[in-house]
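Look at the two complexes coming up: subunit A is in both, with subunit B in one and subunit C in the other.
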Partner chain A sequence: MTLTDLDLTPRPEQAAEPLMTLNGIRQEFPASGGRTVHALDGVTLEVQRGETLGIVGESGCGKSTLARAALLLRKPTAGEIRFDGADALAMRGGRLRAHRQRAQMVFQDPNDSLDPRYKVLRSVMEPLLAAGVPRREAKERALAALEAVGAPDGAAGRFPHEFSGGQRQRIAIARAIATEPELVVLDEPTSALDVSIQAQILNLLLELQESKQLTYMFISHNLAVIRHLSHRVAVMYLGRIVEVGPAAQVLADPLHPYTAALLSAVPDPDAGRRERIILQGDPPSPTQRATGCAFASRCWLATEKCRTEAPPLVHSDVAADSHGGHLVACHRPGEGQEALRLGLRPASSTTV
Partner chain B sequence: MIKLKKNGALVAGIAILAGLTVFAVLGPLVGGYDPNLTTGGPFEGPSGTHWLGTDNIGRDNFVRLAIATRYALVISLVSSVISMIIGTSIGLVAGYAGGRLDNLLMRGTEIIMAIPAILFALVIRVIIGPGFLPLIIAMAIIGAPGFARIMRSPILVLRDRDFVVAAEIAGVRKPWIALSHLLPNATTPMLVNFASTASLAVLIESSLSFLGQGVQAPDPSAGRMISESMRYMQLDPLLIVLPAVLITLLTVAWNLLADGVQMALSPKAGNLAVPTRGRRRKKTSGAAGRAATGTTVEAGERPVPADTPQDEAAPARV
Partner chain C sequence: MTATIATTDALAVEDLSISYGGGTPVVSGVDLRVGPGEILGVIGESGCGKSSIGFAVLGLLPSTARVEAARLDVGSRPMGDADEEDWNEVRGRVASMVFQEPMSALNPCMRVGAQIAEVLLVHGLADKKAAHARALELLRLVQVPEPELRARQFPHQMSGGMRQRIVIAMALAANPQLLVADEPTTALDVTVQAQILDLLDQMRRTTGAGVLLISHDLGVIAQTCDRVVVMYAGEIVEEGEPAAVLANPSHPYTAALVASIPTTTTAAREDLPMIAGGVRDSDRATAGCRFAARCAFATDACAAPQPLVQVAPDHTARCWRSTELSLTTRTEVTA
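Right after this comes the complex of A and B.
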């Protein structure tokens, strides 16, 4: 089975109210020398019920920090999180614990996400018991979850090290869905797995989404996976969302030059010779907040305005009507992709 | 689970300790003498009636040594258990809570560590008075900082591992996470340090007794037997050799046990490499090397203190 065999769950009708709203989330960490790392620099996102929201970006852009903020692991420096209409950051004690069973997470490395000293059943039961489910019922539901993910027979009584990576990831998924959550954050759930196993796990995730009406926040830097799994895509750069919109539109017709550069780096066997945008330099240090656009220092389209004035995340002027819900934070939206299409070489592109 | 055949240190450590325990329990019964009464002439050599001879006032050496072993074993065991409970709790809380509480607790342990052990024990003895109890309290407090520091570093690594984060996401209460996820995955350094602390306790107890501040006369203790016999060193060297051998056996046994435990509990089941002292690392270089590699692979990209800096390891303090 290859990735292209996977069928995307039909996108639900646009719900009136999103499942989760992140509003202006800022996350700052103190760094050495009295500096501050701006891991999240004002992230605003909506997660619709039943959809898969793909989050892409390079290493260190804040994807995982965003996931952890969404799961209320660390209180953000600023911003607001609304889950199902309720103010999630104001929850304490019992209400917070009740909330936690509604949002779960699947981690990248299944070797690390299961306690080596816990038998599988105990690991899968853990979130149920934490949610106050009686032990007998928790055991039944945990076994049901293990069956739902296709864990091998008798898995419940064994230790994680007795399983292969793919089976372990199934068990980790079982734990994540055991409490019947609404939101599951998938933090690169396949990137630690063999390619042959990846498609199985992705297929399992799609099946579960359909049968249990799950909402996914799918974090990855693998654009091929994102393309096949996501209804909508958000592109992150240096702690900011630079572009967000329906997956088909964002990936086929990117408006932000960074998205265009990312996409041009994906190998495409059918395309033959084509332009590839090679970004110059490294991303700037997250300890220095850019005054203008975060991407300006590496962007071949950057003007003086880009360096001094941060572009807001808005409907692009180019085609506000046709791109419903396609937002971009760029002063020159669409020009990067346009240049590639016209064969105009950006100063920093190369032909492959 | 534990391969005893390949683990000579563990076997030897357990064997010596078991032998000494049997000696301590059965020795006085077999010997049949009161350890504090004159039951023969002074300075008798080993014979059928007094197997290891008698001391300067004719007390039976065999029975006195057995009682001294009792004191040494009980004091080192009990004080180390208390140290382990106090120190492990501090290390667990400091490592998991982090921030200011971590700072406060670690500075506190450093203050305790800065006081010389013998001096500290003497002060406690002055405050509480002579006897068994102040000795145990003093040594329990002396040993605790070592546990706190040695536990803290694996906890710092463990608390960021995904299965701990997953438990936090699930809403498991933090004290329960500490006890059910963190502690069981950090037992190796704890057990190794327990054996080292016990060996240290044997030394401190005999030093204090040697100075007359430990086990009180007329009860026998290895340290006191040495100090009392020093005057007769020329006349009857056996009186010094016997308790010295006892102290050596006890410390060596505890240290062997520490080495053996470290080798036996390899990081296969998710254990973290045990921070080792340079001296010990040399002896068990094979196992330490394996342990270090295993941990690095297992914990992925995170920096793992497989080679913990010197100051984090249990410091020798006598």
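Right after this comes the complex of A and C.
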């Protein structure tokens, strides 16, 4: 997919310049046997200031690769990243270091971002020192960040192993917000936590977003968590965005059959046993770049056109509000969810 | 496959307690019953003792663990005083385990067909030729496409979902009466999780094996289980049908747990109710309610021992206030 596939006409409600724009991002990795893994196959996304953009998809869909690309941790094979209007991929040296203060990351496992041999204060100060903040000021700001995340008293002088998983994640969040970034990319920040601790971290993230006017790119495989936090949601499959739009619309009235299947596969304690779409097989290997729709091999609605012609990510006539920024890449948008609503059983569904 | 539908319970446990090195028990006073073909869910957070129970009923706890039970029947075998030799005879044959991480449950250097056949050979249930034929039959049973090809492959040549099917095929090889599945889908993607849960559901129907399904995921439990027990700090705090327990919790811990999870009906971007504090070692040692220190409804009377009280037919809760409290689990979205 290319830039021209996407209708970038500014909508009145989103006329403000986005904080970050990703245009046609491709990320390829060499694989064994001379093959190529197409981890990101032309991703175009806007991240608006102050919003939470949820990125949902299953393992291998490219969501973590997208996070790393957005934070300039790895240069994409092709594409353009604009951050606050500037060409982010052209940044070097001091400009790049200054930029890194503005965009930070929280990982799934807090042990990945906290050095077990450093006291907490040192880990939280590190991004500030890297940005050239004087030591005394860095210490003050690190302590303020620890306070903002509700770290226990005296946390700064202790080691990561002295804390529970939830507390460690608080500290990792303190480290991410210490440089007062505008964008925080959160990669599965609660997946390793117990559910009652997850609630504490989600509440903290909401509170910080409000008090510090943060923009979040929130990556998760957990649709309920995505729904809870996000203003907008992008659904990824095999390195492509298959659907993006306001969270309430995408998750209540999905237009892409993959989104519909994903939603119906999530076991919901409220729903108990119910009709589900059970997809057959696994996602195809990202070494095989689909000529048509990436989902066609598992889609019960797929036609010859789907297998040969890649659907562009566009506004759909069947969207509840076709001007609300709800885009879908599907030749038969809305039919998957419609079938479920009418109680028709797609060939691959079963009730359990 | 010739399924013999068992009539005895797959698992009957009474007054199970587990402790390590003379310390505070990590599990105490647990009663469990899994009927043939039944799926019993065990739910709780880290450290509640759910995995220890799963290991204990397969005799897999380390020798430092002290396991005591008034009754520990696995299938038709009383295992209360069993030694390692007795367990070796039971494991894989009467009861087997499906682990969370299929890759570490499989031998990376052995073709999967041979791994499945090995179960039968170890127990002397088949000769080499019959075991291999049975392995193919099991691969078909767990819906592995192209079983002849797959049987010759190694685990690394398969996806996570396919590996978990192999693990389930191994677990089912000797027609066990009990399957213990400890977080069997936690490492899998949600669309693959749906396939594996569907498979477990079909398998208990076709083989008549009872399933002890251990999970932290309330959604998985709600969707899959016939009955559920909720564990807190080593004891059962609530038991009943998932629909009743999760929709109308009668223990304040269950209610708080359910409320803390965002679902399709919680109000987006609003604070989730949290459970303050955490489980302390002293909570496991108290004679009274173990949740009292974190409970919004605790009174002085909660310091007294709490038996499981019946709140409805087939629904019990370990809280003396369970019938007078009206516990809300969530703030509904007003449409």
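Note that the second predicted complex is superposed on the first by the 325 of 352 C-alpha atoms of A that agree within 3 Å, B and C clash if a C-alpha of one lies under 4 Å from a C-alpha of the other, contacts with A are read in each partner's own complex, and residues count from 1 in each chain.
What we mean here is this: a residue touches a chain if its C-beta (ideal position, glycine included) is under 8 Å from a C-beta of that chain, and two chains touch if they have at least 3 such contacts.
Here the structure is a predicted model, which is why all the values come from computation and not from measurement.
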item: Subunit C versus subunit B on the shared subunit A, clash or fit after superposition; value: fit
item: Dominant contact partner of subunit A by residue count, subunit C or subunit B; value: C
item: Partner chain(s) touched by A:279 [first = subunit B, second = subunit C, both, neither]; value: second
item: Partner chain in contact with A:304 - subunit B first, subunit C second, else both or neither; value: neither
item: Subunit B versus subunit C as contact partner of A:112, first or second or both or neither; value: first
item: Partner chain(s) touched by A:227 [first = subunit B, second = subunit C, both, neither]; value: second
item: Touched partner set for A:153, first subunit B, second subunit C, both or neither; value: neither
item: After fitting on chain A: smallest Cα gap, subunit B-subunit C, Å; value: 10
item: Complex contacts: residues of subunit B adjacent to subunit A; value: 161-163, 165-173, 181, 184-185, 268-270, 298-300
item: Of all residues in subunit A, those that touch subunit C in their complex; value: 58-59, 164, 194-196, 198-200, 202-203, 206, 221, 223-225, 227-231, 247-248, 251, 261-262, 265-274, 276, 278-280, 282, 350, 352
item: Residues of subunit C touching subunit A in the complex; value: 45-46, 159-162, 189-195, 197-198, 201, 216-224, 242-243, 246-247, 256-258, 260-266, 268-275, 278
item: Footprint of subunit B on subunit A - complex, ascending; value: 68, 71, 73, 96-97, 100-101, 103-105, 107-109, 111-118, 123, 126-127, 130-131, 159, 161, 172, 175, 179
